[in-house]
Amino acid sequence: MNNAVELLTSTSEWQDIAPLLSVRELNKFYAPGKGCGDINFDLYPGEVLGIVGESGSGKSTLLSCLSARLTPDSGQVLYNSEQFGEMDLYAGEESQRRVLMRSEWGIVHQHARDGLRMNVSAGANIGERLMAVGERHYGDIRAKAEEWLTAVEIDTGRIDDRPSQFSGGMQQRLQIARNLVTHPKLIFMDEPTGGLDVSVQAKLLDLLRNLVSRLGLSVIIVTHDLAVARLLAHRLIVMRRGAVVETGLTDQVLDDPQHPYTQLLVSSILQN
Amino acid sequence: MYVAVKGGEKAIDNAHALMRTQRRGDTAIAELSVDQIRQQLPLAVDRIMNEGSVYDPELAALALKQASGDAVEAIFLLRAYRTTLPRFGYSEPLDTEQMQIERRISGTFKDLPGGQILGSTYDYTHRLLDFSLLASGEAEVAPAEANALSEALAAGNSCPRVLELLNKEGLIEQSRETGDGDQIPRDLTREPVNYPAERAVRLQNLMRGDEGFLLSLSYASMRGYGDSHPFSGEMRTGRVSVELVPEELGFPIEIGEVLLTESEMVNQFHGSKDLPPQFTRGYGIAFGRAERKAMSVALVERALRAEELGEEVLYPTQDQEFVLSHTDCVSANGFVSHLKLPHYVDFQSELEMIRRLRKEQGQATQSKTTNEEANA
Amino acid sequence: MSAATAIGYNFAYLDEQSKRMIRRAILKGVAIPGYQVPFGGREMPLPHGWGTGGMQVTASVIGEADKLKVIDQGADDTTNAVSIRRFFAHTAGVETTELTAEATLIQTRHRIPERPLQADQILIYQVPIPEPLRFIEPRESETRKMHALSEYGAMQVKLYEDVARFGHIATSYDYPVMVNNRYMMDPSPIPKFDNPKMSMMPALQLFGAGFEKRIYAVPPFTQVESLDFDDHPFEVQSWEDACSICGSDHSFLDEVIIDDNGSKMFVCSDTDYCRERVTEGFVGEAPAQLETEQ
């Protein structure tokens, strides 16, 4: 059952490092078969973990539980916080979870409108987290916003434009900048390339890969797109009907899938 | 001082005097008495009682008269009166199973113990204007046997609730809360609502809520914005006795009777991790003959239970802050109408600001043009 | 006076139990400056949004010895002020006044009197929407958490947008403040011109929102700061004109349109302040064609 844990403990390079996030026996169901259950895994610092599966497999529910946005029915999510030390997310105070969400964590939503304030400028979108942690100098906030626009390859001349005037790809990059401005350690991404054109996807993936390695981010990324998973993730969890069916290093899972469902997923992508 | 700035106490007095004249209308026409309103516009009176939260048909009729027939204004009058009334105590829970039924309809069973009782209804009438009412004012009355039958029914008739039949089989959730839920309900008119609000508070809020708003919300929930398309398990109207336990006696005594309409909806529920698939309930009750209100309450009430039943909350009809904060017609009307109050100061502030912004923009454009000219 | 009070109603309309409940909420509010205390708001015979919160607070603190002043838009003679003043004259039989200096209680909508208030006075604000974060986050359960955790970044976003678009903060009234460095508070829709008067005021300031069932308070001599940026500090509006009646160039001015061509004049919004200045001999430059009462 605990494939992921066994796999990791046997992988020597992780042995001396404490996990950043550990999930133990996590369950969340809306109705029988709708949700996710019996989830166990560890995420190590600097690691990019992909959660793959078709829609309805429970991967988004799982991501919500991991990122403190949805209380699970049972189980634990343990997080090693810079500010609060080792903590059991849902056993602790909600105030701590909220602090994490605007400091050590970032969340990149599939739909930019869920992660951006569409009615305020790009600059304000990036500046919000800074202001939330007490920054009160307009000039400084604006300078940092420009810096991050550059980092995500958006022309700084667009700083006063609203996200609604941006293309889909730009909106996603803005969402990423908005999250990264406070230097989080852990980023949750829900289908970040969903709904984008293939060429735009490629550019975004390239940017993400660079940022992740340059900043040493840990990432949990949910995607139904195995190509995205292959490009970004070090390790994969394959989900089906709310349960984990296979875990392993990305290449291993994609090149030599063990579970029939994973085999089906992989073959369907090859046929495309 | 400059005259236009004056509001004037005299102006207010005159406005109110004019309103009284307008309310009376043509004095050649006989004045409407409160008794006439109570007897001949009973459904309007019932609505005033429901949203006014007082069971007093006479005062509700008075309010309707005083408000020139404006339901919201009449409800407000009754509410403002209600708030000054002393509280003698709280009644025992009403036992609607013991209702003296005058009308009872189930949409789930063709026949059932106690039977279907049509009673008096506008349902199935063809909505054709009855010009005989215009001519003589005397309408056709029910034949003697219909009256006799309905009186006989009301006199002796009490019957088990339909949903209790399902309950015997365990197919529907229990109606009575157990454990923490089984508490004396909070009084909404004495304490502010805290969110999330418990079911008893939600029900109180809905019962005082605007009939039109609740009707539209329940319509929306049935059309898919809220996943509430239930069966009407039972709708019953009749008199129920009200009992109170006086402290000095220590046992309940009957202090009167109220006419009530009760609606119980049966909703599908696919089960959750803790609960097997079963039917769930939506409940509504209202003073008088108020079927539309009772059914609307039951539908919205069920939609609002989404969260506690572990259903996904996707629509405003399932969102208790959205629904409960906006049901009250007195509050809604007050807040909308307060725009008629003076806002001179705020508007002046905005005027000053917009002039300043336009001036700054004008200067900016001008200096830009000057620069461009200089550069050229 | 008390012979004239309304028959069948308690002193100042509300029953004593309700007043006691409201006083408890007020005390809690005073103890936690700027914190919105939920209270069991009663139905009042005036509509919600017309000052029922302020009236409930006034009804709970008023005594027979009080002198009540009621203003709306700074003026004693606006319709709503007249209506509320009459209500208390009728139900409490207390003495009313238009003089800021001699009032012990002042109920106000949208203004703070120009004349500095004293330690023996109470200023009661009518509040329509007590939640400064309401238009950023409509949910009560969420805004309460934001206050509890001092999560006020989102409010700063609005100010950022103003500066980015206009070069300065463009909120002109209902301008949010921080009370005692802890709670963000809605000062009610007063012009930001009045914001500085709130800070370190010797008088007790009470705020009542009837519709939303919230009471909050700023105790005497409490710091009240208007939100701003370090490099774009808060500033109040000013006028190029002076009051046509009393010549004041430092009070909040209302604009009055005086003919069909849109010609205008400016007069003090605080009618008592203007009257006082006139008695002291100040004169404005009233437009020549203007008919005046005094």
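Order as written gives the chain letters A, B and C; numbering starts at 1 within each chain.
The rule we apply is simple: contacts are C-beta pairs under 8 Å (C-beta built on N, C-alpha and C of every residue); 3 or more make two chains touch, one makes a residue touch a chain.
Treat the numbers as computed from the prediction; the structure is a model and nothing was measured.
Compared with chain C, the chain whose C-alpha mean position is the greatest distance off is A.
Among the pairs A-B and A-C, the greater number of C-beta contacts is found at A-C.
With centres set at the average Cα position, the gap from chain B to chain C is 34 Å.
A straight line joining the Cα centres of chain A and chain B is 46 Å long. With centres set at the average Cα position, the gap from chain A to chain C is 47 Å. Residues of chain A touching chain C in their complex: 94-95, 98-99, 102, 117, 120-121, 123-124, 127-133, 136-139, 141-142, 159-160.
Residue ranges on chain B touching chain C, taken from their complex, read 1-9, 11-12, 76, 79-80, 82-84, 86, 189-196, 321, 325, 330-331, 333-338, 341-346, 348-353, 357, 360.
In the complex of the two chains, the chain C residues touching chain B come out as 9-10, 13, 15, 38-45, 47-50, 52, 72-75, 77-83, 86, 109-111, 128, 138-141, 166-167, 170, 172-174, 189-193, 211, 213-214, 237, 239, 244-245, 252-256, 258, 265, 267, 269, 271, 274-275, 290-294. Chain C makes touch with chain A in their complex at residues 145, 148-149, 151-154, 156-158, 160-161, 163-165, 229-232.
Partner chain A is touched in their complex by these residues of chain B: 270-273, 310-312.
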